[in-house]
């Protein structure tokens, strides 16, 4: 269980960090959508490590191959298999993990569950699993884009440095991809990076907050009770490794509000019913209002740190200390951004299909 | 779509606030579990309004009837249908809602989605839908209890008043049901109640934070990638009306931690591998550690308030002001507590069944 | 597991033969469909026993109650709970079954699976479970009818007597409900009834063949590979108690054909592409052609017979003979007809919704 | 939709006949199962065409690659991606199909559904899609084998030539793989082959009947109502291209039986409750009895034939005649055998996992 997501747009990811390949099968994409490997590669390149001092220096080329579902440059309605070969993985760096589960990682729980650890870099619990999510998310983004929906993500806070003011969509579009922190404010980005690197120099890691938004979302997405749009989003986001809190709209700030502040007044704007403010983050009763969807994720500090940590030696059955070698992402936020965008895109595209706002079989007529 | 939850223990809720009945079908309960209507009634009674000044004075007797799945006092393995008749509902109080969607409610989005509002008290989006969740959750609690798992809930914060210190399980068991706020600290409970009532006297409502825990959870529950235990919990919790943030363990506090603080050291205790602290809230890599599961929900202020609010008159197509009559829950937290417990119980019982730790067909041998 | 059917139009049945009630929750019905209890009652009345010498003389009034999902005479998009109270069930007639599983029944396998038998008339495996199917099917038929699709069923063969010629749709509509065998040919119906009653007089039962058709089905329903329309139909039909074979179109006769006979020529008729013949039964590659869907079910002889049969006494742990008292359906075909129609209607309505040919949220605009 | 099968053991197939690759992701395989590419290759080699005069002379090497889910020769509990590259596919042979849908094929319905035909050899509806099924089925067979369950398949009838007597399991094991028809009786096999080739010489094709059995199946598999074991089997079998009827046990022969013949007497054999005969084909009330599961499929004649056939020219919008070039399988039965075995194995392994008889997470302890 566990590798399937979605109801009408369904994705099944596969692959572990040191196996032959990682990827995803995407099912439910309507026929006729133009799709090239470049469209996917662009998003995968954003996910890759080794691009800056704040991400791990591992080199992964991550060339995606479309194994099925596309004919003459368009989707056929058949499942897409999107595959990336793993390259140059050196599992020897993980030898000691074999017997000493790393604190904060899934090593311990996989061991308790499966009776073994696929100790090569975390196996299935590795961040490499997100290659499949990002590739599938790239397809979802194309579907959304055809409906006028745009998904935007940025790092709102890292290592205690936060963008304290309101961030405009435009700033995310212009700035987030231009700094290693993926922060929408270039000046804050610099301070974030500094704080992140300072902790890294001390052998430690830092946490932060990622925000994702969707603009242009039509009203009426989401279903009552258990398939609420925000419930599906929370599920999607909490399934990303390292995410420990999910907030919609004002999120935890609602705890200290009064109803008169918290409720978004309902108004008419150009003949359309909408809300004056967007504290609800675009969702009421689990259904989209038509205002932007706003989601925030708290990302815990990277569990891999060089400082010594207490653990247990499984072979000897005694407590010990583990010191992890190698270089790690000192802060996960910049790499969570494209994954969170992908997950939001997948949830929204699924609900567009469920709602009938995207035709299930034909994306458009072939010319 | 929307009314089905769970993978192996599946629940489908039905009913709206002013229809003939509300309830749930629960499927996947192993045969042989002793089950009486009293077991369900106890939990339903906790959910009922009208029990204190901080909840709505509506009178609902909520007598549950087991329509199927039980024979000679034990479950048969067949689906349980648990039904509660609606009584004395007076939809006339909702007449004005018919044309004026209430801010903060689902009225607007249901209208946009379905082209109409079942205007009688919110219809399907009403809190009454949770009758089915709580009844199903009561069954899940019995299953959990047979495996030594206990689910506890309390109000951690309301109207800005918070229990600032660590709360012991024992305090929740002893105190939470003894005050109208369901707060584990009797002294804080009094201050919460005061602050809630003060806002209510001003025609306003307040938000808060609910915490639910599960103790005695075996390690190994949860599946990698998308069916992570915390992802399923986030889904379950965010599907509760009024919940706008879900946190696991330290939750949003992880943003400001370093890895060396955030990672729970792995230790041996009485020959068992476990963690020294429980910042992760009992879940690593989406799989239970064996330590308590800790979840916090931010509950927004009750959207129904007596203060005038801006909305749109749908018939006249113009902006207007709505003033809601009647009396409402001034704070939702005490009533969210049993619902959140129910949802956590459902997720855990489902994963116990998925993991094979609960036998799927026979709960125990019949004597 | 087991009580859920459908992908977008989902039904969950509940109830056993001697419990308080039987019924179904139907989810995914678009808002706005006019629905009254009479619409359901008509179909349920067709399913009831006691209506003729060829069905069991048990008296069940089977009054259906709509517990949810309808407001002011139309569906709201919320789940429908359709319930029928069980009346006058006398489980004492089943006392001996308690320790002696009946050959041909589920008694033996339920015992092996659940460790007990809900011995009161078969419990969940009883034909009474089909009340929920027929009620849900009645809703599906209304949805189909709004798209011009009609579902027709009749008994093609019983007790060795078969309608050997082609049966026209018109004959089914006119004749099938007018004779106890539900046979489309009145003259054959008389011979069937005679043969059935003759076997019954000897304490025995007989089998037969039921045919169901759907006319007016649009092309394009069904999905490739595993969700083929015929695969879903086979699933639905084989889930009906007593059905041991499912055939599509020419069915088993294809084994002795050549390709040149078996292939339906593709032709133009009034500008539309269609097939000249309909040997495929309206489905090619798992997707509807637009020609009538034709399905045949082989129904085994009623397992309950008065003749002595070998079984095992569970208490004594020795072989014995069981002689069933009471009166049973001497032939199941007439009662399988409405159930098979219901299942075909459910599959087709589900695929209409999946294909986007029926709008998922709003059946039609409210006046 | 459409490419996902199974509840706990879930498979998602991908790939079309002339794309880069075909394959499957298999999820839910417990950790610890020894698995090598050779185990899969053996089954894939049985599925390959070009092995005898009664199958198409296309040359496909079909080398399988395990892309994920195996570490040090054993499954890890993570999804398996099993991939086969397509080789040497020459779509030019299909040029005329582009505008002239072939009778009996999915060309027409795919066109009606998706607005285009992936005309290269049938695309997703091609028999090549079954590569994924057979690879997944090979994994399921290994799981079954570890529980003492064996799946056997053979051609019972082809081109009107049938094995009229009872076939023993032993005969299938010894003979079926030793003749091109996969017939359990060598003498009948020769007559079948002759009849098949005679029709082929006339440019025509023939149909037949395939039987699959499972022996060693424990009692208690299957769930009541909609997830009956026979319902899931019918679904699985009818999803195989060319299958038009599915029978369980005596199947269509039940129509002419009486209850006293049809019911299998319940007896004690070596202290175990079982049935004296096995007319029910190993399933009662949708749940396995413990006796062999017996399933028969009617396979229609290969729709591709060289004889001229009526169709429509889509470009000209007029009726025309198509004459298919190339060489085709003159009879599909021998190639359906391994696919039907794979599907039966998948259904049974899924129900073994659902029932808890196979542990969901660990197949066995690692040494």
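Chains: A, B, C and D, in written order; residue numbering restarts at 1 for each.
Criterion: a contact is a pair of C-beta atoms (placed from the backbone, for glycine too) under 8 Å apart; a residue touches a chain by one contact, two chains touch by 3 or more.
All of these numbers come straight from a predicted model, not from anything done at the bench.
Engineer: Looking only at C-beta pairs in contact, point me to the busier pair out of A-C and A-B.
Structural biologist: More C-beta contacts join the chains of A-B.
Engineer: Give a one-word verdict, same or different, on whether chain C and chain D use largely identical residue numbers at their interface, taking over half shared as same.
Structural biologist: Same; most numbers are used by both chain C and chain D.
Engineer: Can you work out the whole-Å distance between the CA centroids of chain B and chain C?
Structural biologist: One centre to the other, that is 38 Å.
Engineer: Centre to centre, by mean C-alpha position, how many angstrom separate chain A and chain B?
Structural biologist: 27
Engineer: Using mean CA coordinates as chain centres, what's the gap between chain A and chain C in Å?
Structural biologist: That gives a centre separation of 46 Å.
Engineer: Can you list the residues of chain A that touch 2 or more other chains?
Structural biologist: In chain A, residues 1-4, 13, 77-78, 113, 124, 220, 224, 354-355, 360-361 touch at least two other chains, as defined above.
Engineer: Considering the complex alone, what residue numbers of chain B touch chain A?
Structural biologist: 1-5, 7, 13, 101, 103-106, 108-110, 112-113, 124-125, 129, 157, 160, 199, 204-209, 219-220, 222-228, 230-239, 241, 244-252, 254-268, 273, 275-276, 280-281, 283-290, 298-305, 307, 309-312, 314, 317-319, 354-355
Engineer: Quick check on the complex: what are the chain A residues that touch chain C?
Structural biologist: Listed in rising order, the residues of chain A that touch chain C are 77-78, 220, 224, 354-356, 359-361.
Engineer: Can you check the complex and tell me which residues of chain A touch chain D?
Structural biologist: Residue list for chain A touching chain D: 1-4, 8, 10, 12-16, 19-23, 25, 27-28, 31-32, 65-71, 76-81, 83, 113-116, 118, 120, 123-124, 360-362, 365-366.
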